[in-house]
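Look for chain A in each of the two complexes below; its partner is chain B in the first and chain C in the second.
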Partner chain A sequence: MPKQILIVDDEKIVCDMAQRILTQEGYDVEAFIDSTQALDRIRNKQFDLVVTDLKMENVDGMAILKEVNQLYPDTKVIMLTAYATLDAAIEAIRERIFDFFPKPVKIEDLKRSVKKALGS
Partner chain B sequence: MTIRNRIIIAVAIQATIICLIGVFVYLSFNTVLSKLGVIEIIDDLNISLLEVRKSEKNYFLYGDVNALKEVVERGEYLDNVIQSSKADILKTLGPGTYDTMRNNLNQYLNMARGVIATKKTPTKFEEDFRSLGHELTRLSEVLLKRERRDVNNIISTSITRLIASLGVVLLFQLVVWQYFSHFLIKELAIMGNLIQMVSQGKLHEVAKQTFSPKNEIDYAIKALADMARELEKREAVLLQSEKLASLGILISGVAHELGNPLNNISLIAQGYLSLYDILEDGEKKNFMADVLTQTERISRIINNLLDFSRQKKQELQEYEPEDLVERSIALVSNQIKISNVKLHKYLQPDLPHVYVDAPQIEQVLINLLINAIQAMPEGGDLTLDVGQDMENGNLIVKVKDTGAGISKEDLPHVFDPFFTTKGTKGTGLGLSLSYGIIQQHRGDIAVESEEGQGTTFTVKIPIYQPKEREEDAQADLDR
Partner chain C sequence: MRILFAGDEQPYSAYALKEAAKLAMNTWADMTLLGIQPGGGAAAAVDPALNLALTRYRESFLNAWEGEDSPYAMTNWQYEWLPVKEGVLEEKLVCRGSKKDFKVRLRLGNVAAGILAEAREGGGDLIVLGCSRSGGSQWAGSPGVPQKVAADAECSVLLVKEEQPITRILACLDQTHVSQSSLEILNQMVTLHGAQLEVIGLNPEGGLKKEVYTRLIEVGDYYQERNIKVTTRITEIADFENFIAKETQQDLLALWMGKKSLLQRFFPRDWVGRFVAKSQTSVMVMR
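The block that comes next holds the complex of A and B.
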């Protein structure tokens, strides 16, 4: 069974492109523009990897990270952000994060990090 | 005419009137004095004449020639007195009186001399001599009475005239006082009006006042208009510099905001390259269309900023409050996004239109929003409440934060130019300029704050009433 990945980013293009490319790599990918819906989905299903944007309306990336860590200790989290403030990075590391990418994201780096996270 | 000249003329007229009165008084009293001199002379004459008549009486009583000699002696003395006072008598009584007096006296004395020389008394001598003496006494008494009456007349008319002319001076003074107070009050009222307009920030209306000054107050008014023009220029400069300062703040947000579309374009390009072989033509087209959308997004962000930075002349136009609020929020949205601030927006539906200079009002709202965001570095709630005044229908915009608040000591100063608690990070101009802009729109801006609780700024803007505007414009023209 392919590894399950959830992507959440309020930029539609990030969602679409990440979904296409990671699907191409052979993963099962679900993408959400609305972080509230994404949170709902996480509560209902365990994913192997969550790729989330940091700054989002309503529920932000840090809340998603905390929720995932609380519910599923095995699930890895990769965070994307356009606003890489030091505070956010430190907080993310404390919350046990797998990787942290500032935008613009290099697809090759992301692919590599995903592969590493999923141990395949 | 200058006020100085007007005062000089008034004082000169007054001085002339007083001089004329002085001359008149001098002349009157001079006449009185010379009349008194004459009265004294006539009095002397009268006394001497009485002596003469006494001797005359003695003669007729005792028939003593010596008494008659005494008459002549005293009569000649009297004649000498008359002659020595000739000048005075001529002046006041005229040559007729002088001649009559001397002729009568000489005739009288000659009669006496005749009797002494001939030692004979002609018939009817006593009767003629007495009647002649009597005539002399009568004449001098008449003269005395007349002169006394004259003096009385002169004194009483002088007093009347003096009182009358003092009345004229008083009246003139009243007129001058009325004139100056009216004139000055009128001019000062104009100036007062202008000063009030300056204090209300209506610099433009004051700066419009162009006329050629005629007096000192006009010069002051002109100086005021010049000052307003200068202030207006400086205010424009300040407005622009504060705009640049808030632009600096906005730019950090915009830089971040630009990150998203750039990241998108980058992702599309990378995806395009790596998926090239498996992409269908339609999909490739979609990729390029997405790139276009993202570039449009970038130019929209940049245009927003450029619009805001541009310096424009104040221009009042009819706007929907929703538009103004949305555009202001769009400019600070990036700022909100990179902070931990949550924006709550309440827009009452069907708000009335306002007649404003949109870039200026947007600048006010942006100042308030940025201040609120800066007051909540740890995040908080930023509430933007747009509604309407129940009483007069004016638009009310409330910008409320849950930030640090303003201390009681600082509260009265937040609208002062250059007042800032942000050190070099603040200009202290945002609120002072916002205040000026709202005043110019005949609106109102106020602040409430509780230290540690948060701050609420309330802006009131009059709603658009086309009729009222026309009347205002007409009133402006009339002024």
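The block that comes next holds the complex of A and C.
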């Protein structure tokens, strides 16, 4: 059974690109540009990996990370951010994040990180 | 993001490492610390002074993080079979499991060529190196290294001249090529230093081209949308050298490089090297 990945990013282009690339890699991918909908989905289904943007309207990436950690300690989280916020990287690691990327993310780097996270 | 720090045993390299570490901490960059030993030969002994410097840089970089907070922390020790020579394997205890790559490397040979080759082969996004503030921005014993690296690298280059606060970043635009990576690296530098950002359009004789002016506005808007206070202004390209010499004090001078650079046409011969040498403060060449 393919590994289950959820992607949430309010930039549609990032969402679409990541979904297309990871689907090509053989993963089962669900993508959301609305973080509230993504959070609802997370509450109803366990994913192997969640790829989330940090700054989003409504629910931000840190809230997604905390929710995933609370509900599914085995689910890995990769965070993307286009903002050079101080201390976000430190806070992310304290919240048991698997990987952290400032945007723009290179496709190869994302693929490599996903592979590492899923042990595939 | 991949950062390549190139260092020798001089104090400016220690300053540059601090900048590289700050950037790495905020971006979880894959990191390579590189030493270059002039001379050749595969079996050459490592110069003790350079060896000591690289050891200090490694310790200083890794100690910048607190324990488990480091994405470079090695947590997964395991035995693996590794080849020791043709037809022979040995079971060795190795440590894997860091979230991000961290390497310390030594190259032998020409210094600038070695740095450029490492960045190219390792897919570097940013090269960070130090250089002397006085005497035309030099690396000890290797003339023209910072100038050559800044001019010929395929990625962005940060030249750290001295440990000093950066209170203002002067980002100069004379053409339309502005990559997303360059915007983000500049964003990081502004945030890390809490610096003011000033975007400067360089005006050639006959006036700024419409498309360059439009790009200048777009760059300003990009940062304003991210709540970064930015001012824009236009300065004459003919006065640029004077501007650098006079205005840059506690500043970072940042230059966007593109194939259609007006500066290249205005100062055709080694203009990047010329400005790197002329500037009294740190310089970032963005690609």
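In this text, the second predicted complex is superposed on the first by the 120 of 120 C-alpha atoms of A that agree within 3 Å, B and C clash if a C-alpha of one lies under 4 Å from a C-alpha of the other, contacts with A are read in each partner's own complex, and residues count from 1 in each chain.
Rule of thumb we're sticking to: a residue touches a chain if its C-beta (ideal position, glycine included) is under 8 Å from a C-beta of that chain, and two chains touch if they have at least 3 such contacts.
None of the values given here were measured: they were computed from a predicted structure.
Since both structures carry chain A, what do chain B and chain C do when superposed there: clash or fit?
Overlaying the two complexes on chain A (C-alpha atoms) leaves chain C and chain B clashing.
Determine, under the contact definition given at the top, whether A:I90 touches first (chain B), second (chain C), both, or neither.
Touch status of A:I90: second partner only.
Mind working out whether A:I21 is in touch with chain B, chain C, both or neither, as first, second, both or neither?
first
Could you say whether A:F101 touches chain B, chain C, both of them, or neither, answering first, second, both or neither?
second
Of the two partner chains, chain B (first) and chain C (second), which one does A:I13 touch, if any: first, second, both, or neither?
After superposition on chain A, A:I13 lies in contact with chain B alone.
After lining up the shared chain so the two structures overlap, which partner does A:P2 touch, if you call chain B first and chain C second: first, second, both or neither?
neither
Quick one: is A:A82 in contact with chain B, with chain C, with both, or with neither? Answer first, second, both or neither.
After superposing on A, A:A82 lies in contact with both chain B and chain C.
Superposition on A: which chain C stretch among 129-137, 183-191 or 219-227 collides with chain B?
With the two structures superposed, the offending stretch of chain C is 219-227.
Under the contact rule defined above, give the chain A residues that sit at the interface with chain B and also at the interface with chain C.
82-83, 85, 103-104, 106
Of all residues in chain B, which touch chain A in the complex?
Per the stated touch rule, the residues are 256, 259-260, 262-264, 266-268, 270-271, 274-275, 278, 290, 294, 337-338.
Could you please specify the touching residues of chain C with respect to chain A in the complex?
1, 25-28, 68-71, 99-100, 123, 180-181, 184, 187-188, 190-192, 226
For the complex, which residues does chain A have touching chain C?
Touch list, chain A to chain C: 82-86, 88-90, 93-94, 98-104, 106.
In their complex, what parts of chain A are in touch with chain B?
11, 13-14, 17-18, 20-21, 24, 55, 82-83, 85, 103-108
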